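Chain lettering (A, B, C and D) follows the sequence in which the chains are written, and residue indices restart at 1 in each chain.
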Amino acid sequence: MNKITILIHCKDRSNIIASVTNFIAKEGGNIVYVDQHVDREQNIFFMRLESEFTKDSFSTDDFKESFKNTLVNGFDMKWRIYSSEVKPKMALFISKYDHCLYDLLGRYNSGELNLEIPFIVSNHLDLKPIADNFKIPFHHIPVTKDTKNDAENKQLELLEAHRIDFIVLARYMQIVSGKLISKYPNKIINIHHSFLPAFVGAKPYHSAYKRGVKIIGATSHYVTEELDAGPIIEQDVAHVSHTHSIQDLIAKGRDLEKIVLSNAVKLHANRKVMVYNNKTVIFS
Amino acid sequence: MNKITILIHCKDRSNIIASVTNFIAKEGGNIVYVDQHVDREQNIFFMRLESEFTKDSFSTDDFKESFKNTLVNGFDMKWRIYSSEVKPKMALFISKYDHCLYDLLGRYNSGELNLEIPFIVSNHLDLKPIADNFKIPFHHIPVTKDTKNDAENKQLELLEAHRIDFIVLARYMQIVSGKLISKYPNKIINIHHSFLPAFVGAKPYHSAYKRGVKIIGATSHYVTEELDAGPIIEQDVAHVSHTHSIQDLIAKGRDLEKIVLSNAVKLHANRKVMVYNNKTVIFS
Amino acid sequence: MNKITILIHCKDRSNIIASVTNFIAKEGGNIVYVDQHVDREQNIFFMRLESEFTKDSFSTDDFKESFKNTLVNGFDMKWRIYSSEVKPKMALFISKYDHCLYDLLGRYNSGELNLEIPFIVSNHLDLKPIADNFKIPFHHIPVTKDTKNDAENKQLELLEAHRIDFIVLARYMQIVSGKLISKYPNKIINIHHSFLPAFVGAKPYHSAYKRGVKIIGATSHYVTEELDAGPIIEQDVAHVSHTHSIQDLIAKGRDLEKIVLSNAVKLHANRKVMVYNNKTVIFS
Amino acid sequence: MNKITILIHCKDRSNIIASVTNFIAKEGGNIVYVDQHVDREQNIFFMRLESEFTKDSFSTDDFKESFKNTLVNGFDMKWRIYSSEVKPKMALFISKYDHCLYDLLGRYNSGELNLEIPFIVSNHLDLKPIADNFKIPFHHIPVTKDTKNDAENKQLELLEAHRIDFIVLARYMQIVSGKLISKYPNKIINIHHSFLPAFVGAKPYHSAYKRGVKIIGATSHYVTEELDAGPIIEQDVAHVSHTHSIQDLIAKGRDLEKIVLSNAVKLHANRKVMVYNNKTVIFS
């Protein structure tokens, strides 16, 4: 049994759904999931399908070729097709905060995440023991003003050597350069510790405390060149009051960051996110 | 332009999605919405589609006939097809509490609800002035132990005379008999003031206070013969603490009841709810 | 039985709590509620007490005088003392949106709000029928660029003539001038339809849609000269997704606005809010 | 600087607050926190105070003695006084599920929990490596029908030898006997994976799935003889839909269980919980 996931977006017009489902039926597939969305402002059509193929001779590559020839050109589609047999490879970039790391590795260990983690990169050695405990290769790549470029080249080498599909900045605390971003467009997931677009940049809990908000939040988004302005994948919030000090906000925020980041990672790894126009369509 | 909504459920098997979408394409329809669900435990397939037809000669009745002959028998489908031109007719049953009534009529007035309210029934006269303000016919049908049967017959007469599609018990405070339920299966929506299945029956806020829960809730469900045990459409909750008296719980609960009931009404009126096995599938 | 509420804030130092509670005991009061807070960053102490006095000869004015002489100077306190017999007077400023108006008047009618509403002011006539239904005097004061100053003078006349304690802008849609703000400092409550500080200013739901946020919010705050930057009283949020159009966000937002504004009004009317440093302490 | 926390409850009557605060002032203490609650139904008064003492000669034991002689008898108080220098000792009882264990130990490691964990007990060996990683002594005490009594005696020996203050059942999966409960009344914290009182007993996620609820929850409560019926400390919920399988509910529930249990542990360890009448007063 082969199973594939298809993601499509294109200009909206008549008969896309019927054409795609009909094509899959002709190829011998049984559609087990379909969801679609139309952005009426932009007139863009989005679709996500999962289809099963029982015939032994099925080949994902052949299907892709046929899909391209039959459908893609006619509808001028952007498309991606994934085999369920291939787990995406995720690189973890960390710094000194351990809460998102513990949370992701705990879920990874328990089989909750449908992905592989070939390695962890950090600019500090502090969290190496955790990587060791979970038996994940740890690469220490220090970053200073002067070595930033070299460091990034080393990171890129590692990413390419392991054929990494996407990168997760689990409170990495470093600004990633345009070079890395352009090589992994909409494939670098960050966790920002505020409900964006409020409190962009450094020390958002301090700003939230100063402003006297009654709700704090966390936001997971794809990294783009503009700081904390990329497409939002997931957000969550928690109520706070005047009784909470900045330290309390930071502690409460840790729980938000963990859940928001791991949810975003799951959505991405399960190919449920489509990006356009600096926004996301989430087929959950 | 004609627009129809199709709801289907049947035993799961191959090619349902392709068959249905293909049929609609052949009938000249453009599918603008499709969502589907498979209950893997029960092996049941559910689908909701919206399709637009631009040809002048389109007739919903003809389409239904063709749909039935082409698809229904082969897949042994349960199905419903609605024209978007026909708004469902909702009867409101109320008693003495006004909060859900104000909320629903306010939304009705502002055009938020896609339905008609031909009349309101109450066993008391207290809320007649509100019905009058909103210019909705009000029928006073008192209910006592002795007159319960007669009262229900009068209700049934009204419901049939106005070809009511579904009934909303907006804190009606009377137990509806099996006769009414059997005539409107999965078409009577109740709001219960607890997060079911906790605190079934009378005075749930008193029970919640006594148990010392830290969360209260409200549940909107279809009425079945078993009290407060019908298929759940919508639930929501609010945090409470030891500082809240029973009166505070009741006041907080009112806000929950309003929102939960109006959401359930909107889901039902927009044909987004399917019922099976005493549960709901909500295509929202 | 007389009951008073005391609000105090001053520089933090030893023995404030004991001094105040001791003073009340000596005056024959029984403290039935006490809560306090210390802002450790600013070193400010806040306290809220409720005390009952059973002796017939009790006079709130005498108590205030005695309180002032005995405590206020020594601790350099800012203080307010309210008799529970006096309900605060609230003026409602509205424009064309009716949802917050319906919500507040529904709660007012049902006895949920501990306040009086002597009149409603609007720059449009659209909502006069609602005020009439609820039998609240309605004053139509149109506002144009040229008449803005005159309009505000008329508003001030009304506010003073009715000895209004605080003003609620229930989606008033006009920027209030510094003259009005300075006469009612921390006594003008606004509802802003975003989770501040995100999306300050006009059309926040449009901005939220454009940014692709997964959570929308509403914020009730005191009005200060800087737009949407006053002390926050209450906030709440709702989850949204790519399926929600701007119109959907506006509809969902209405429910948030109603609840957030009415909660803020209740907190203020029950003398549970203290303001300092552009933030609030909420003794709820 | 010495700091103590005082918890009091007694029949409500006049002058309790003033008497207590006055007493503390006379003993040379500066009250830095006070909160109180009156259960009007039961006529019971509750208070929590924190007070600092700067004089070198301060002794918590002397203060307790003086407190008892001066106040306790007159008001017939139940009372507890804790020195902030003494961290409570918590024993962790676990079985095979690791998520609550990882969560608690992660927080313990990061200094978020104000307590000590002298040892972990489990009826299985599966999670020993985690205890080892965090360098916490692990005691394997198997439990079978026949050995249950012996096992409990071993547990009691350990608890007494380490002068354990409270026990946390972090998904321990065994019913604790009346003997243990009576030795640690309101000192055994359990996490139940439903929003109690819904779905008492085994397999609540299966029951929630079957009932078709739209919200699942988790509840942390003190263990009493009646199963899942003890005083509730903390609850939280998450929205679910028809798309969630039982496995999805279990996964979503794990995140709830972790947060709810760790919050309950923090409230208990910080002496913020008072129990009466099978309910809790939480001074948070």
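Keep in mind that, in the parts below, a contact is a pair of C-beta atoms (placed from the backbone, for glycine too) under 8 Å apart; a residue touches a chain by one contact, two chains touch by 3 or more.
Protein names from UniProt, one per chain: A, B, C, D = Formyltetrahydrofolate deformylase.
Every value quoted in this text rests on a predicted model; they were computed, and no experiment measured them.
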Set of chains whose contacts include both chain C and chain A: B, D
Which of A-B and A-D has more C-beta pairs touching across its chains: A-B
Intercentroid distance (Cα basis), chain D paired with chain A, Å: 37
Cα-centroid distance, chain B relative to chain D, in whole angstrom: 42
For chain D, residues that touch 2 or more chains besides their own: none
Sites on chain A touched by chain D in the complex: 98-99, 102, 106, 110, 112, 133, 243, 251, 255, 259
Chain D residues touching chain B - in the complex, by the definition given at the top: 37, 39-41, 195-199, 211-215, 217, 231-237, 241-243, 245, 278-282
Partner chain C, residues of chain D touching it in the complex: 14-15, 17-19, 21-22, 24-25, 30-36, 38
